[in-house]
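Letters A, B, C and D mark the chains as written, and numbering starts fresh at 1 in each.
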Amino acid sequence: MLNVEQISKSYGPVHALREVSIEVRPNEVVGLIGENGAGKSTLMRVLAGTVRPDSGRILIDGTSVSLRDSRHANACGIAMVFQEQSLLLNMSVAENIHLAQEGEFMRLGLLDRRRMNEVARAHLARVGLDVDPRTKAGELTFAARQMVELAKALALEQRTTAPLTIFLDEPTSVLESRDIAILFDRMRSLKSRASFIFVSHRLDEVLEISDRVYVLKDGAVVAERPAAEATVPELHAMMVGRALHSGYYREDRQGVPGAEPVLEARQLTVRGAFESVDLTLRRGEVLGVAGVIGSGREELMRTLFGFLPQTGGTLKVNGQEVVLRSPTQAVAAGIGYIPRERRVEGLVMDLSVAVNMTLANLDVAMTHNMIDHGRERTIADDWIRRLHIRTPSAAQVCRNLSGGNQQKIVLARWLTAKSRILILDHPTRGLDVGAKSEVYDLIRDLSAQGVGIILTSDTLEETIGLCHTILVMRDGMITGRLDAPAEAKPSQVAVLEHMV
Amino acid sequence: MDSPPQMPELPARARVSALTTGDGRGAGRPSWLKRRLAGMAPLLVLVALCILLGILSPSFFSFRNLVWGVANQAAIPLILAMGATFVILMGSIDLSIEGILCVGAMIVALLCANDTNTNNFGWLGPLFALLACTALGLVSGLVHVGLRIPSFMATLGMWFVGLGIGTVILGGTAVRVLDPRVRAMAFLRIGYFPMAVWVAAAVFVLALLIERRTRFGRYVYAIGGGEDIAKLSGVPVARTRILAFTLAGFFTGIAAVLASAQLGQANTTIADGRLFMTITAVVVGGTALTGGWGGVVNSLVGTLTVVVLANGMVLLGISPYVHETVQGLMIIAAVALSVRRGARLVIK
Amino acid sequence: MAKTDMVGMAPGAALSRVRPFTPVLLLVLLLLGIGIVEPGFLRAKDLSVVLSDASVLFVMATGMTLVIMLGGIDLSVQAGASFASMVVAELLPSLGYAAFPLTVLIGLAVGICSGFVHVKLRIPSFIATLATGGIMTGLSLLMEEGRSVALLDTGRHEVRWITGSIFGFPNVILIAAILAAGGMFVQRYTRFGRYSAAIGAGEPAAHAAGISVDRYKIMAFGLSGACAAFGGVLLAARLSSGSPDLASQLLLPTIAAVVVGGTAITGGIGNIGLTVVGTLIVSIVRIGMTFVGVDIFAQQIVFGGALILAVFVTIDRSKIAIIK
Amino acid sequence: MAIDHEMFRAAVHRRRFLAGTAALGAGVAAGALPRYARADSPPMLVTSIRSLSNPYHAVWKVGADAFAKQTGLAHVTLVTEGNSEKGISDINAMIAKTNGHMVLNVDPNNTPDARPIVEACAKAGVYVVTWWNKPADLHPWNFNPHYISHIEFDGASSGAYIADELFKAMGNEGGFVAIGGIISDSASIDRRRGMLAALKKNPNISLLDWQTADWQSQKAFDIMSSWLTRFGPKIKGVWAANDDMGTGALEALRSQGLAGQVPVVGIDGIKAAVEAVKAGEFVCTVTSDPYWQGGIGLSMGLEASQGKFDPAKEPRIHREFNATTVKITRANVDTYIKTEVDSHPQIDWTNLWNRVASPISYS
């Protein structure tokens, strides 16, 4: 029903897409995998109508269409659910679902808000989400928003006779495993209504949900497989061009943490988020915090970096009691933070690599209280070399770099700041396999250098794989503390039972 | 342009608040009640101010003052604020108010019976004034969107242009309006209220309908909430932006007609000081200059707050030497009490 | 976002290479244009007149630049300058030369207050500074019941360092030049400059990098206040008296000067070098109109049009994600 | 800033209205000036005023143009738009442009502006006349011969005069309200001083409240509305520092059906006020004559530059003086309208000193 034929698109010398052909059959889920820069997002933009291909054509039920813009793409039955949460937080769920499609609710030139809400409620019901369509999107959880986006995409079927294809761009990257299960469940039940193109970095998920899988590499399709016949290592190999070796999380390099504590929390409390949390982070230890959304772990992480002021308990850094009222104080105390929202909190996108690296500790780049641009440059170049950051130069603006490289720059910043404690808030979110493994290596290096690391991650597997110790939180309390030595990693089940 | 583009990013504003309010019952997120109260804050400020004045000056709550001292004086600022609201909701700003208002008033005066020329087109005067102001608003919009110039500068330019036109044609004279029908538009009393108040009320209802019950209204919020998302969802951003500025021009036109009718004359200084008062009113009402949050109801509250403040200073006979100081302090207090708390928004 | 825009305006790619120079280019064209119509304009003597008249505007625009870089705006500069002119006129007789630094310090303090109101009370700078400006106007009215204060002969002697000239070269231009150099230095070589750039371009990221955003914002407003005050001092010296509305009407030209230079009103992009050019463009358009003899009835229209045109040419859209 | 937004006699008829529009054409065409003035050619006439957005200065320009037409010399008008810097730099630009071969008639935007302007003129050999605003310690005789005269109109006496007329109309008893102009404006300050002085002489009259409306009728309208609710019938009269505010207040009264019952006074004699006097809604208004001001200043400069008289030899009363004002009351309003509003006064520009009234007193 939807055929992409021989699509090519290049920006200057870079070939984003090379004669890509993809077929989406009725009622099936097509998996689309590939590293960052493999051309996934460009392909999506082509289908969304926001980018015109240089050559090739798009067929819908055999008839060729040239998509003018996103509106037109919708009319042709192609809906997008973006990796970026693309809901307007200041508007109600119903308004979001019907955005730019209010036509059907106009009566005598006026919007019929009641009907708008009713219809929205129906759409929400279809994705099994029970929220008042009048609530503002900003008040929903990430998971709920994802569902709203799905509902928004589905709402299309009312408006178009064309068969519906929903393009899901890494919908799971911001979801908890529990929510992912729900999402997949919905997708399966919706297959009767629409076809899906499912993009993800998590190969296991792709295999779980897809019927067929396309592998993109360097802008070209390198393979197409029925999911049933494919395996994760195989796909990974095709995608990265190298085999997925054992010890994915570098368990072999997991050292033994030192004895002395670098960070101690006693009865740490933030009212309304979590209560009396005790934790001890030792030198060189990787401490994982697991828990579903709402368990308080997000807030715990942000509290440890001074975003949320603690309302009770004590916090000690290297034995010194500290009160962190702002990130400034946290940095002063030698704590570093790699945020979940890289593009917003991680980097100043329009400033250069070098500037971003020295942002947290400008002193290293200063000679008698003046910024020494030469010195700053050498520092930056040094990190670029040591962390294998792929960038034209240290003067390059971060916006143009891939997620993995951006993440390394954030890391480099804290290394420059000589932080002895690092808080990694979903450090591999949105990174492709290659970038991920590099980050894993870095984490091992850091812990080997005695840096204490507190980590939360999108997948339990990752948490278990990387950490020495795992704290499990539920309803704002610590409900479990498991050791995870390299040789005897606990099972996911073992962790899960503390979570729910 | 030699690397493939990536997905557009959410505006920082949206993302940051997503961080703090997104995660279930996040600590950064105030309770339902708190949020409702925060929404009410501007109104509470207004009520408090009124009570205070009522205590200090018995004549404040006198029916006469409420009608002539408050309602009648609020008419023109309210209409201006209605136009400004939509522009500000988009995160833009319209500085051309004074220029456009000046042109409008001038046209009214020169086309209907006046003491400078022999024209006497009666109703056509106000009509043409409306058309002209709407057209000027349209120009602001086209310049802003078409030339891709920040609205701040585009409308700043239009401000000068408008005043310039006024100066050229009036040549500095004050033109008196002699047409009784035009004067009636401000003074004719229906019920207890003068026409100006009814007009303002009508404009308010109109603006409310536009905000709540039209596509344009939705789109304005969408653009304010995140222009790139809106674009991707197929919102006609350019058209909406232009329309918003045109609408602002239209409302300014109505204000211009009322102003010339009320004063019985038009001159190039008729609009002096209107701009900052209008924007202050909108912000005091709790509409964010960054766009997306607030609305015409907020602007109504804000306008009343500002007008009551001015009215109160006269009622209390505060010395003109300290007017500006008192006003400044009161406005700081008002806004400080009514800004959106909770989510750490980037405030610029 | 930036990139998609670029894709949209593919031919503009070439344009974006000359972007950095467009403001200067515009300035040169402007000079030539006026020079052709009115050759007298380009005489060194007349240019020095133009420059010294532009210098006060520039001093105020410098402070404004720092604030706009952070994405804020300072509407209190004209009130601040007028206030300062009163203060310095009042203080000169009793304090002599000490009056100058003291006035600037007062300006700094007032600016810090504006910043504090904006940052700590979380009031949009547009309104916060509007209000603090009103307060300052009130104060300068109270000082002499609204009257202006003339500098006495002694005072006029003490402001020679501003009004005088070296080899026929007006000091005030030198002063402005020094300030410009200082400003550029601050922006390029100091913590403050670096951090305000970061805050302007991405406040949340700057915050998460441990930069105390609030502090630097307040500093920016403080400096803006100081610059405004200094501008007021220069004005008082040139007009040898202070008055509560001495700098009235200077606000819009100041903002125009900053933005016409190419600094983004939304913050992040820009620097004082651009403001130098912007100031020159604005004042040359203004004085040029008189020189060329544009009919005064039309001058405002021309000025408004010129503003729009200048901004159209100078702003670098490739860096502005969304044009609001 | 002298008269700031004062609305002076709106003596603009259709003729001039059209002329104004035509001026736009000329303006857009730009450069309607002789390119360069040689030393032997007659000097260029230059007028510098606040803006054309108020009738007072609009009429001023008309007078200046009339004089220029009569002499057949080129005339340029500069406006400060309330911006001292702009005003001064424009004048500097003109001096540079004409190589100092010009005469200047200037209404400085602000008291301080006078000094740099005069100094620049003296330096360049430009004959200059200033109006309304100058620092007290700046005197024409310190800049012989180029600084010819500084002329003002005694604001205090005007303020006092209209106050007295108002009190008479009130029957010398009861309360009245007063509206001032821009608070820091010298004219505003003087007129208020005069009003207060008059008040002292009338023990039975009380000043209910004094507020400022920045010369604007709109603000006066709002303030008056609030006053009416605050004082109601206690208001027996309205004193306004200029006619524009006066008419604003009058409209507020009209909206309450009080026009004509509560007497109003103002200064400037703008057309609206003159007609209000005729209608009995205004008691009186006072006018200096901007038409005359616009011409006479240039005339002084021209004659001096042509050596017809030597300013240095003139008595001091000719170098610094208050000029006479015209008082418009019920008594003379009809004739005034006939001679001044509906037609143009024929003025003998060569009679330089016939309106010298009194020396300027520095309080």
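Just so it is clear, contacts are C-beta pairs under 8 Å (C-beta built on N, C-alpha and C of every residue); 3 or more make two chains touch, one makes a residue touch a chain.
These numbers come from a predicted model, not from an experiment.
**Student:** When contacts are scored as defined above, which chain pair ends up with more C-beta pairs, B-D or B-C?
**Tutor:** B-C
**Student:** Centre to centre, using CA atoms, which chain is the farthest one from chain D?
**Tutor:** Relative to chain D, the chain with the farthest C-alpha centre is A.
**Student:** Taking each chain's centre as the mean position of its Cα atoms, how many Å separate chain B from chain D?
**Tutor:** 35
**Student:** Rounded to a whole Å, what is the gap between the Cα centroids of chain B and chain C?
**Tutor:** Result: the chain centres lie 28 Å from each other.
**Student:** Need the CA-centroid distance for the pair chain A / chain C, whole Å please.
**Tutor:** Measuring from centre to centre gives 43 Å for this pair.
**Student:** Roughly how far is chain A from chain D, centre to centre by C-alpha average, rounded to an integer in Å?
**Tutor:** Distance between chain centres: 71 Å.
**Student:** Find every residue in chain C that makes contact with two or more other chains and list them.
**Tutor:** 3-4, 7, 141, 145-146, 202, 204, 297-300, 302
**Student:** When you check chain D against every other chain, which residues touch at least two of them?
**Tutor:** Within chain D, residues 20, 23-24, 27, 52, 183 contact more than one other chain.
**Student:** Which parts of chain B, given as residue numbers and ranges, touch two or more other chains?
**Tutor:** Within chain B, residues 1, 3, 5-6, 8-9, 12, 15-16, 163, 167-168, 171, 321, 323 contact more than one other chain.
**Student:** If two chains touch, include that pair; go through all of them.
**Tutor:** According to the stated criterion, the contacting chain pairs are A-B, A-C, B-C, B-D, C-D.
**Student:** Help me check something: in the complex, which residues belonging to chain B touch chain C?
**Tutor:** Contact set of chain B toward chain C: 1, 3, 5-6, 8-9, 11-12, 15-16, 90-92, 143-144, 147-154, 156-161, 163-165, 167-168, 171, 227-228, 276, 279-280, 283-284, 288-291, 321-329, 331-332, 335-336, 339, 341, 346-348.
**Student:** Which chain D residues qualify as touching chain C in the complex?
**Tutor:** Per the stated touch rule, the residues are 1, 20, 23-24, 26-28, 30-33, 35-36, 52, 76-79, 81-86, 88-90, 92-94, 96-97, 110-113, 115-116, 135-137, 182-186, 188-189.
**Student:** Can you list the chain C residues touching chain A in their complex?
**Tutor:** Chain C reaches chain A through residues 2-4, 7, 188-191, 193-195, 197-198, 201-202, 204-212, 268-269, 319.
**Student:** Mind pulling up the chain A residues that touch chain B in the complex?
**Tutor:** Per the touch definition, chain A meets chain B at residues 11-14, 16, 37, 39, 41-42, 45, 48, 50-51, 69-71, 74, 80, 82-91, 95, 99-103, 106, 109-111, 113, 138-142, 145, 169, 270-273, 293-294, 298-299, 308, 340-341, 343-345, 349, 400.
**Student:** What residues of chain B sit close enough to touch chain D in their complex?
**Tutor:** That would be residues 57, 59, 62, 64-65, 68-69, 72-73, 115-118, 163, 166-176, 186-187, 194, 259, 262-265, 267-270, 272-273, 310-311, 314-315, 317, 320-321, 323 of chain B.
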